[in-house]
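What follows is a single structure, and I will ask about it in a moment.
Order as written gives the chain letters A, B and C; numbering starts at 1 within each chain.
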Amino acid sequence: MHSPGSSVSGYVLLLLVQIVFIIVFGFFTDYSKDLLPKNATVSAAMEEAHEEQPLPKYPHFQDIHVMIFIGFGFLMTFLKRYGFSASGLNLLVAALAIQWAIIMRGCYEMEDGKIPLSLDNLIGADIAAAAVLISMGALLGRTTPMQLLVMAIIEIAIFAANEFLQIELMRIADVGGSITVHAFGAYFGLAVSFMLRPNKENAKTGPMECSSYSSDITAMIGTIFLWIFWPSFNSALVDGAEQERAIINTYLSLAGATVTTFVFSALVAHEKKFDMVHVQNSTLAGGVAVGSICNLLIHPFGAIMVGVIAGVISVLGYRFLTPAMLSSLRISDTCGVNNLHGMPALLSAVFSAIYASLATTETYGNTLTTIFPAMKQNSTLSEEDMHEMVIGGYGRSAAKQGAFQLFAILLTVVIAIVGGLFTGLVLRHRFFGGILKPPEHFLDDIWWSVEPPESGTVAIQNVMDTPRVAHPTVRLASSSQA
Amino acid sequence: MHSPGSSVSGYVLLLLVQIVFIIVFGFFTDYSKDLLPKNATVSAAMEEAHEEQPLPKYPHFQDIHVMIFIGFGFLMTFLKRYGFSASGLNLLVAALAIQWAIIMRGCYEMEDGKIPLSLDNLIGADIAAAAVLISMGALLGRTTPMQLLVMAIIEIAIFAANEFLQIELMRIADVGGSITVHAFGAYFGLAVSFMLRPNKENAKTGPMECSSYSSDITAMIGTIFLWIFWPSFNSALVDGAEQERAIINTYLSLAGATVTTFVFSALVAHEKKFDMVHVQNSTLAGGVAVGSICNLLIHPFGAIMVGVIAGVISVLGYRFLTPAMLSSLRISDTCGVNNLHGMPALLSAVFSAIYASLATTETYGNTLTTIFPAMKQNSTLSEEDMHEMVIGGYGRSAAKQGAFQLFAILLTVVIAIVGGLFTGLVLRHRFFGGILKPPEHFLDDIWWSVEPPESGTVAIQNVMDTPRVAHPTVRLASSSQA
Amino acid sequence: MHSPGSSVSGYVLLLLVQIVFIIVFGFFTDYSKDLLPKNATVSAAMEEAHEEQPLPKYPHFQDIHVMIFIGFGFLMTFLKRYGFSASGLNLLVAALAIQWAIIMRGCYEMEDGKIPLSLDNLIGADIAAAAVLISMGALLGRTTPMQLLVMAIIEIAIFAANEFLQIELMRIADVGGSITVHAFGAYFGLAVSFMLRPNKENAKTGPMECSSYSSDITAMIGTIFLWIFWPSFNSALVDGAEQERAIINTYLSLAGATVTTFVFSALVAHEKKFDMVHVQNSTLAGGVAVGSICNLLIHPFGAIMVGVIAGVISVLGYRFLTPAMLSSLRISDTCGVNNLHGMPALLSAVFSAIYASLATTETYGNTLTTIFPAMKQNSTLSEEDMHEMVIGGYGRSAAKQGAFQLFAILLTVVIAIVGGLFTGLVLRHRFFGGILKPPEHFLDDIWWSVEPPESGTVAIQNVMDTPRVAHPTVRLASSSQA
């Protein structure tokens, strides 16, 4: 048996978790009332009304579903010998996370002791899973499968609490989830990565931390599907004109980010050639950077501008910041989530503060208080509004809303980092696999029944020839041979 | 010329089939009346009404379309040297099957001597093609292209008859097609496989019946797209609350199946590692197992439970049953369709009988008779109802509906097996290629113009070096050399 | 530094273009009025109306979006060492083209000095990008990235003008864009290819102009997504019954083309085997050939017939015409766009002329003038109609509409060829890279930071070992060694 992470006890624990989920679903969830037949007369009318129009959000949901399972899954296949884990563990982690997210997010919207399920819960669960998969990107190839699953459990719980805090209590504007999903997921993952950092003699790139020609192409499947459906991600939670603006702005921002990504990828490279790492990731930074503001009146100019800036920041981050974080702080970031999700999300939050502080009734009309609900005047509150708890109360000025946007990103990053550090501490426990040593990094062969490679990849052969149940010192020896 | 299956006469036959299709479409089909302009006044009003709302089922259709062509096509690319055939023949077989399915299914809904075409027919044709592609999965790599096409022609005809029998005449509940599509396709294919079984000395795994590292990753493209869009497959034929329940239940069932697939994949494996075969297939068993019951009030608890059980059964099937079927009965099942489609579909049918027998007006309200139309009381029948033929008549009790559900799966499996045996008998004819010998199994090079592999795959070289137009004994000799 | 095309100055120019785009977007675009809040009362009503129904075209848009970025991008990955460029430059060129297309197409629909943006503009921009990507297919592997970008800039400007001319001024029927997109893109690209033809001693297939086993499978990802979503492409611009007919006709035409593609692929091949080039491309010819007529009353018979013919023409084109064009005229057509887009589009135009000339009020009812607006009688023109400029005026007879359809394709091909020749002349300038020599064709390594191939591909090694900044004669020498 290789390590505790792949032991029978680990899988039995996972099975127990799934059984607990079943029980919780049994006791605490049900379909929302709209989806339950009631007495004959009411039901007839309801059914009919329901049948007339199809589920309006379903296409949006399916686009997001593709992003979570194909997008994230294939983007992470860029490593040359970690594609089974990338696509497979992405599926496993997400399948666990969506169940747990329905429960955890549902805690804040229970009715009569039950979480009422509808398509909205599935959309919310998929979005929550995105945060976990972003964190997984920071750690990719350096953890046991069990560690990823434990991280998913803890992270979803903290994610749901923070999301409720920011959106429902603090009433911040973040329709594309740049603050609550991207920044949260990225800094949570980086904090875990910091806790799982190798000791100094292991802190170098292993022989398997590279892509192959074909793995870089399968990764592009992930990139392009994320790119295509990002407008759906950013616009899924709004309707009408807000939704259409969110689509247009995200589309333009991504286009702008893509052009600058290629330009700067070549400009910062040694031989002025394009780098697949940048193309696979920084082209998407435009989607993150416009996330918190995509429904606002940023106009086409603002949308492209934000994308262009995000592309530049992201490429520079890959080129200079990621290596620096590794060498100075020993924080690995396998997929560079700080560059794709972290920094562009900070940018989005800052822009959201600026745009919020400039929002007026002149420009937004009566949609102002739809977009920024806490800006409702106390005199105009409805019965329902009065029962809602809003931190700081209603009647916020534009400037105050802007300050809240900044406070939201600050608070989110702090919660993510503290949560990530705590999670990392838990994951260091031997039972979950401890800190993996470099020869076990980025290698499907450790976790999957897989034929040894056919030819030419001497590095893998060396790693694979060493005994699996190696004493730590033996492991290091094999590492230095490779 | 290698074999009659790839001879000019075979392709000319296929061309003739296509020409016959054109003629049949010319004489016996037209757009449905809604899609034909009529006189000016009527048309104006109709057009306007039509234009106001978009085609509500079109997104569902496109999701299913992706499943049929990308999902099945890429899932079957897992073999290391059969990817051209998997993706290419999947496209060819499906393209033929959908045309033929429109005709065969249309026979049961003709109006004035014409089959009225609308989007519904395309959805139905795609679903029918799924049954053929499931059967193809059982046979993958062991047939000539011509045999697959002939099978498609026969299978679609029987499929359409059985579907009409179960849904329209017996009025069973099967919105996700577990009974009419998955069980039918799986057992039809296995029966064909039985008829095409090799003689004893050839009944061993050929050198090419394995995946490569990269083919296992391209197969995941198919798996994940099937996984993502399965809620659309199961919910395409219902509306309103039923549709939303079908989506939620399928989503949850798949998530549950995925977790248990990983757990049991590792637990039953020698080194406690994950097996790509299980991940590519058993994760989907949850979608099949919930198919016949996904619109019922199984509640989230029931949905996850069904998925969890399906995942376990499917993995155990791959691990123990498929090898046993091969060694004891010489029934090959290349993709393990019995584990992904067959057994989970049986499970779904049993659950559908249980849930149907428990259905009451108290829980279902007046949607009871929408879901189980034969449970309408004779006193409440509409004019239209009275003209419909229902086997056993209206006024079914819940228990009787449950019995019908069981009878439906039994009848479907019997029809599929008898139909498959007959089809296999036809396919054994020399003209369609007879029984392929192992050296010709799983090898694109036999059917496609393809560069010989670059290096390292000695097995292929051996196979390819032997003369193609070999005498049977020579073939066997080359096989034993490999 | 290899060539001016990959020089710093080239990337700086691209950055400047992006900055110019930002400025133009800032001054000349805004959201359409529907998407801007106005005064409180109006806005409230509008918002509500808008919110009630989701964006009806959004699923269609996303299908097309997948075609442009995944479909074209992955179809072009068929070359064994040009997959980074295929998927990456497809993304870059399209990202630039869609921004520019919004501006160029918007010139013809400005209101108060601004281009009003809505989802329709994004759909139009994606369709315009398709024309550029088709042209890119003709040139694939033989240009610098900079040349593709310059071509995109020029081509979009001419495309937008021609599209406006054909659709708005000449009022031709072309809902699937066969005339304005496919024929235009193909002949524009071929004209550029002619201008960039190598001199005689270089006019032979380079060592890298071939696929590998795995690249042919990734290309199938592109093919199949294009195949799946082609009904969305052809039906995006129409509504109601027209839309549903367009979907049905395209679906049937593709199915027919697929079957004949396989038949003729085998029949024309040396060993009667299928050829991946045909399967990847000619199966799609049915979508092009039905493009201009897919909303007409061509009936299922007509739809399949057109597809069947298109499949045959396309395969024969690949087999005989493309090699002949290369040897006689030295016109390279890497992806065979003449066979997939060019000739099937000509076929579509001819059929559109025939069907238009047969259109009567008896068959089309009052939808006749929706489909062919110039056939409105002068007596029935609305106020709005009278302000529209229509070349030749209203009151066209069916025969005259047919003649216009033929004139439209003629004019489009002439404009495309002249535009392409001019563009090719520009691209021959040294600053954009001049005419690439064969050793630099089809090779990602020239443009991308990429690990050298692991083993077995001696041809690449030879190419890569030669100095990059080689004197022309040295280049040829290295080419002839390979």
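Quick note on the criterion: a contact is a pair of C-beta atoms (placed from the backbone, for glycine too) under 8 Å apart; a residue touches a chain by one contact, two chains touch by 3 or more.
Predicted model, so just to flag it, every value in this text is computed and none were measured.
Enquirer: To the nearest 5 degrees, please report the angle of the rotation taking chain A's Cα atoms onto chain C.
Expert: The C-alpha superposition of chain A onto chain C needs 120 degrees.
Enquirer: Counting residue numbers used by both copies over all numbers at the interface, does the chain A-chain B contact come out same (over half shared) or different (under half)?
Expert: different
Enquirer: Whole-Å distance, chain A centre to chain B centre, using C-alpha means?
Expert: So the centroids are 34 Å from each other.
Enquirer: Show the residues in chain B shared as contacts by 2 or more other chains, in ascending order.
Expert: 53, 59, 214, 218, 221, 455-456
Enquirer: What does chain A use to touch chain B in their complex?
Expert: It is residues 1-2, 6-8, 11-12, 14-15, 17-18, 21-22, 25-26, 29-31, 34-40, 43-44, 46-47, 50-51, 53-55, 58-59, 62, 65-66, 69-70, 73-74, 77, 81, 83-84, 87-88, 91-92, 95-96, 98-99, 117-119, 121-122, 145, 214, 218, 221, 444, 447-451, 453-456 of chain A that touch chain B.
Enquirer: Going by the contact rule set out above, which residues of chain B touch chain A in the complex?
Expert: Within the complex, chain B touches chain A at residues 53, 56-57, 59-60, 63, 210-214, 216-218, 220-221, 224-225, 227-229, 232, 239-241, 243-245, 247-248, 251-252, 254-256, 258-260, 262-263, 266-267, 269-276, 279, 283, 297, 299-301, 304-305, 308, 361, 363-368, 370, 455-457.
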